[in-house]
Amino acid sequence: MKKLEIITRPFKVDEIKEALTSLGVRGMTLTEVRGFGRQHGHKEVYRGAEYQVDFLSKVKIEIVIDDDMLEKVIDAAVVAAKTGKVGDGKIFVYPVENAVRIRTGETGDKAI
Amino acid sequence: MEQLLELSYALDTFYFLLSGMLVMWMAAGFTMLEAGMVRSKNTVEILTKNIALYSIACIMYMIVGYNIMYGEGGSVIPGISFFVGGDNSVADVVAGGDGAPYYSDISDFFFQVVFVATAMSIISGAVAERMKLWAFLLFAVILTGVLYPVHGYWTWGGGFLDELGYADYAGSGIVHMAGAAAALAGVIILAPRKGKYGPDGKINAIPGANMPLATLGTFILWMGWFGFNGGSELKISDVESANAVAMVFANTNLAAASGMVFALITSQIMFGKADLSMGLNGALAGLVAITAEPSLPSMPLACIIGALGGIIVIFSIIGLDKLKIDDPVGAISVHGVVGVWGLMAVLFSNPDATLFGQLAGIGVIFAWMFGTGMAVWLIIKAIMGIRIDEEKEYQGMDMSECGMEAYPEFVGTKGSR
Amino acid sequence: MEQLLELSYALDTFYFLLSGMLVMWMAAGFTMLEAGMVRSKNTVEILTKNIALYSIACIMYMIVGYNIMYGEGGSVIPGISFFVGGDNSVADVVAGGDGAPYYSDISDFFFQVVFVATAMSIISGAVAERMKLWAFLLFAVILTGVLYPVHGYWTWGGGFLDELGYADYAGSGIVHMAGAAAALAGVIILAPRKGKYGPDGKINAIPGANMPLATLGTFILWMGWFGFNGGSELKISDVESANAVAMVFANTNLAAASGMVFALITSQIMFGKADLSMGLNGALAGLVAITAEPSLPSMPLACIIGALGGIIVIFSIIGLDKLKIDDPVGAISVHGVVGVWGLMAVLFSNPDATLFGQLAGIGVIFAWMFGTGMAVWLIIKAIMGIRIDEEKEYQGMDMSECGMEAYPEFVGTKGSR
Amino acid sequence: MEQLLELSYALDTFYFLLSGMLVMWMAAGFTMLEAGMVRSKNTVEILTKNIALYSIACIMYMIVGYNIMYGEGGSVIPGISFFVGGDNSVADVVAGGDGAPYYSDISDFFFQVVFVATAMSIISGAVAERMKLWAFLLFAVILTGVLYPVHGYWTWGGGFLDELGYADYAGSGIVHMAGAAAALAGVIILAPRKGKYGPDGKINAIPGANMPLATLGTFILWMGWFGFNGGSELKISDVESANAVAMVFANTNLAAASGMVFALITSQIMFGKADLSMGLNGALAGLVAITAEPSLPSMPLACIIGALGGIIVIFSIIGLDKLKIDDPVGAISVHGVVGVWGLMAVLFSNPDATLFGQLAGIGVIFAWMFGTGMAVWLIIKAIMGIRIDEEKEYQGMDMSECGMEAYPEFVGTKGSR
Amino acid sequence: MKKLEIITRPFKVDEIKEALTSLGVRGMTLTEVRGFGRQHGHKEVYRGAEYQVDFLSKVKIEIVIDDDMLEKVIDAAVVAAKTGKVGDGKIFVYPVENAVRIRTGETGDKAI
Amino acid sequence: MKKLEIITRPFKVDEIKEALTSLGVRGMTLTEVRGFGRQHGHKEVYRGAEYQVDFLSKVKIEIVIDDDMLEKVIDAAVVAAKTGKVGDGKIFVYPVENAVRIRTGETGDKAI
């Protein structure tokens, strides 16, 4: 099992969800985050004082999947999330040792 | 006797000033209502727009609007002059008799100026979340300085619609439907917000960000409407006028109450839920509906007029959505469609009103405001553009137009959807 | 002379109408206060409930309530008739003399109608976060149409409590304690919110979601109370009445101020923190306490009455919590317990009031409202149930009852606790 | 004739009471404005502070302040006595003639008491986010009981500034600049909020947490100002007074509108964005500027006075920031700097005002309030400290001072920055 | 060391915290998330327009623990979080390479 | 590649960001979380009822970096985040299997 962390633009969430569910992904968890990266923030003036907005609104979508789905899920997510402009974000892949479905107690691949 | 006339003058002036102040307070009501009904990323912009449009309305109407509306002119072409004149002399007042002034002219100006702002506020909500701030404010300059005063002249100013017997007590048509007509023109030119209508004709819900604000705004409007309608009797200092004002208060309140209750019931029946936003629109619809004639209906009739307003508004909102006319706060339905209903309902209680007169008024005011509004929107579009670009629309207008967020500490990413 | 009478009539009518409008504004105050004191997941529902109950109160009181309260009847059994009658004729007014009407009857209706709504608003807060919306609204129909008008008839309408000398200037008992009594019955039947009291008798804090709203609501109520108490003098057009109204304004303001300050100090002493929510309740307690007699106490006495109200309310809130009477906004303490204090405090300044009269009034009104209220709640429970199911209570009533969230973009999971 | 005098007395009293009520409502305006302009972690504290300071002002002014301000005294040293006296007798009123009282003394007290609260509210915003709650409230006791009444005696009470011809219609200096002077002293002693100014002289923006609240607060203040300025005519019951009040309403409104528009335009030009917070300050600046003389300028002149107020306020805010005078809501600029502008602008319309008189008034009031204010702040600092400790400042004052959060369900970690 | 990610219903937080602290767990970190899974969202109507609420409110509780605590912590969390209805959520287990306590600089097992 | 999770006090964010960017870290993602640990919450009284605030406001900063940066990033973060008082928080280190930059499709070290 692997965990994918897709960090990307908030308004892409629906598209990504559509793309992945059509591949058979049946669960995902979304967190609102603020990102700092190559996409620079913007300078604003509030009551005459300049300030720098460094952290931009992003979402993190976490998906735990079987190893054999990895490739196509990444590909589909890249296609759905891409705008081609700086700030599109990243996908990180992590190893997962186990999963448990709380409701049933099932573990491993069956749990996701 | 002279002192009595002076005192009576003072009372009517005071009544006028307080009524005007209540209508000024309606500006806060529109602001809160609209700020509650848009998404958080567009909230600062709508706040700015509302307080600025009220300010602009006051200034423009002082410079030229009032003089157009209440100046000397033909039955169609109004006169033109600038700046409001002086007030009544004591001598004129205590002369007494039919022609003598019985309230301060400046208090009249104050009462009138807040009405213009109301008409303009209506537009603000309908074009929310996508129109450039300064384009909107430019439109406000023209509507409040010229467009509204012209049809105001035709009706309350004594022009040809007045002569045709058009009856519109406090302005269901002159203020509300007029604002809605200009709003409709703007909405058509602007096109819907991104994401409001799916490619397959699907209508997406875009919930407002702050329901307590929207509710507060409705209560403020409800309160302010006592000034709007109550002050439109124009006099309170004798028994008949006082009775009439009392009737106006009671009927205005009951129409709003009925509009609220029936919109809520209708939403429960149609959607299975008591949709608060529809209930709020229903209360306002009741208010708009009774505005054309709040002094003559009996209380039960006022309830019926309001209730129908509350029901009509729901169907109108759904209908406009089907036509892809994207009005985030329902302003066109509340003020326009229900405004027409209110004008027709005058026929049930006012024996002097005629079907012809009412239809003529509706037709002329709508045509004028929709036509000239459309022309002005198009000119502004040609000069400076009226719609913000797509990227900014996604990010929200607050950062791009005003450089600040409404709730900088609260909203995470959902705000930037 | 006739003109003078007319002018005087106009002034009193105007004063009545503005007072009524201020009491109407209190509906917004209750709404904001309660919306601030509940959790965000139940906010839309409480907004809906409040604006709907105000609307229903207006309609029901117009249909039958006013006529019960001020109709012809025996000393216990009120008369019954429907719809409010016409207004005074000019002739009757200018006839002058003691019996002549000196203000518009419709303005009186308007002033009275907003009082009913106040009584009902009190209940709304106490039963918040767990009662079915439509069950509550059904109760509102009955309370505002029948229950309140009946004891209103016994007191202000000239029935037996009036004859017994029960003194209650603007309704500490008739409006406030009455509302609290019906609320208490409802709270007992409803049982506490899930999670409010731990199995081991532990009292859990459930903080309100929006303190600025709660504070705004308190300010609105404070402002509106000038109409509530100020209008209850019923006349302003001569020196003595005008002085009395002025005294009412000053005392009302001072009692609220003292209630606020002393509740804040008490909370600082007892809890080590200046608990704003207690301060707000203290201000309202001061207002409720002075309502039974705001025109006779000297200003320092008004301060004392208010201050004691502010202190009592804190102990009452803590005491009711110990009894597991779950009242999310403190309405029963503020309006009920302090209402009783206010009625007793009348004895310090009004030489005509008697201990017996006050106790009789308190007993009868409480018994009537608690008893009939309980009966009506039980009937509604039998018919349609009054409590939402547990799952929905966890998720919040906004989605289940109204289909929308108050702050859809803001609250993450905490909102659904 | 007697009845006419009584009626006239009633009207003026009513006008006074309503004006006072509107000024009371300004307390809510300041509260909302300030609550919107601070960070969410300090919101409960500022709410508490505002409602408590209003309450304290009312009580202290009743106990001793009013008597100092309007008692018998020399031209510099005021008299002292306690508690407000009784009201006018009917006989005195109907005696008529120049010396006869024409409105209720208690209504005058009520009108005056809310002014004191306004002066104190101004300070609250400037010292926000870092001053101990109880230290502030102690200051409120002294300012409202003694400091303000003393210079109030010198001016409106008939003392030496009045004799010098200092002209200040509704208190640009007596109320607004006075509050700002005491605020400036407090801000200097307090030092800036942590993180406001970087080590390298960098000015950091600390955006307010809730812009709709700040906007609502501004609208409330705008509305309340009709009472503040309108009531300061002190009479409405004859033609000339009524005309004057009408003029005051119109000019007050126009000055606010112009201040708003020109501040917005200035911010657009200077920063490239329409900064709402500056627009709101601009509206208030317009109001402060016109307050020194709202009845005499023509409407266009009122617009100019307001517009300049709106422009000045922006430069003042930027300038004070450069001087590291940290005023989170801009109170010192709006009420102090623009207050001075308003007092000078009196010279354009009031032929009786003199440059000397105005400068004397500005100098004396500023020196008095800044000097005594500074002394009192220092004494309080010595006794109990005035600044919360750094750790608590990071965590926010709400938990440490009031034990509760303003929006417990909403704000995550950003709130605790 | 392992990291557990418990994604579950918000109102279960207190129960889970109680259960785990009684096992000796001394730290945890809670994030508010929105989840999509087998528990379907609900259809709502807002002003006459239907919309689908796909992402439901959930919490994510992250706990880093010693390997030997793994079993009993999972078991206790399952018991505490379970309602038996769809939407109870998952527990994911990840490997952790190291931990540092910022205050003291301690690393490894001592740091948690 | 490794992922660092720095869980610490919110007001330290800017300092940490400065410290890490000066080491060459070019991206990070910030989440608002609530933490429970040795730093005990505080007891509060609301309307007379005592309650315990167990979960305190913290931030989680996630950074994916090359293995060879690991040491110095941890050291810098510890220095920047430390106040020496209980509640400074933790840094956890996780293995990362892969990274993808959505905009370009780059993977592995080049993607971060």
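Every chain is named by a letter (A, B, C, D, E and F) in the order it is written, and numbering of its residues begins at 1.
Please note the rule applied: a contact is a pair of C-beta atoms (placed from the backbone, for glycine too) under 8 Å apart; a residue touches a chain by one contact, two chains touch by 3 or more.
Model, not experiment: these values are computed from the prediction.
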Smallest count of steps, each to a touching chain, taking chain C to chain F: 1
For chain C and chain D, chains touching each: B, F
D-F, A-D or A-B - pair sharing over half of the C-F contact pairs: A-D
Interchain centroid distance [CA atoms averaged], chain B/chain E, Å: 51
Intercentroid distance (Cα basis), chain D paired with chain B, Å: 32
Distance from chain E to chain C - Cα centre to Cα centre, in angstrom: 45
Two or more partner chains touched - positions in chain E: 31-34, 44-46, 58, 94-95
Multi-partner residues of chain C (at least 2 other chains): 4, 7, 11, 18, 207, 210, 216, 271-273, 275, 277, 403-404, 407, 410, 412, 414-415
Category of the chain touch graph - line, ring, star, complete, other: other
Which chain pairs touch, all of them: A-B, A-D, A-E, A-F, B-C, B-D, B-E, C-D, C-E, C-F, D-F, E-F
Parts of chain A lying in touch with chain D, wherever the complex brings them together: 44-51
Residue ranges of chain F touching chain E (in the complex, touch as defined): 2, 6-8, 31-38, 54-55, 58, 60, 74, 77-78, 81-95
Touching residues on chain A, where the partner in the complex is chain E: 3, 17, 26-31, 64, 94-103, 105, 111-112
Residue ranges of chain C in contact with chain F within the complex: 203-205, 207, 270-273, 275, 277-278, 314, 317-318, 321, 330
In the complex, chain D residues that touch chain F: 394, 399, 403-404, 412-417
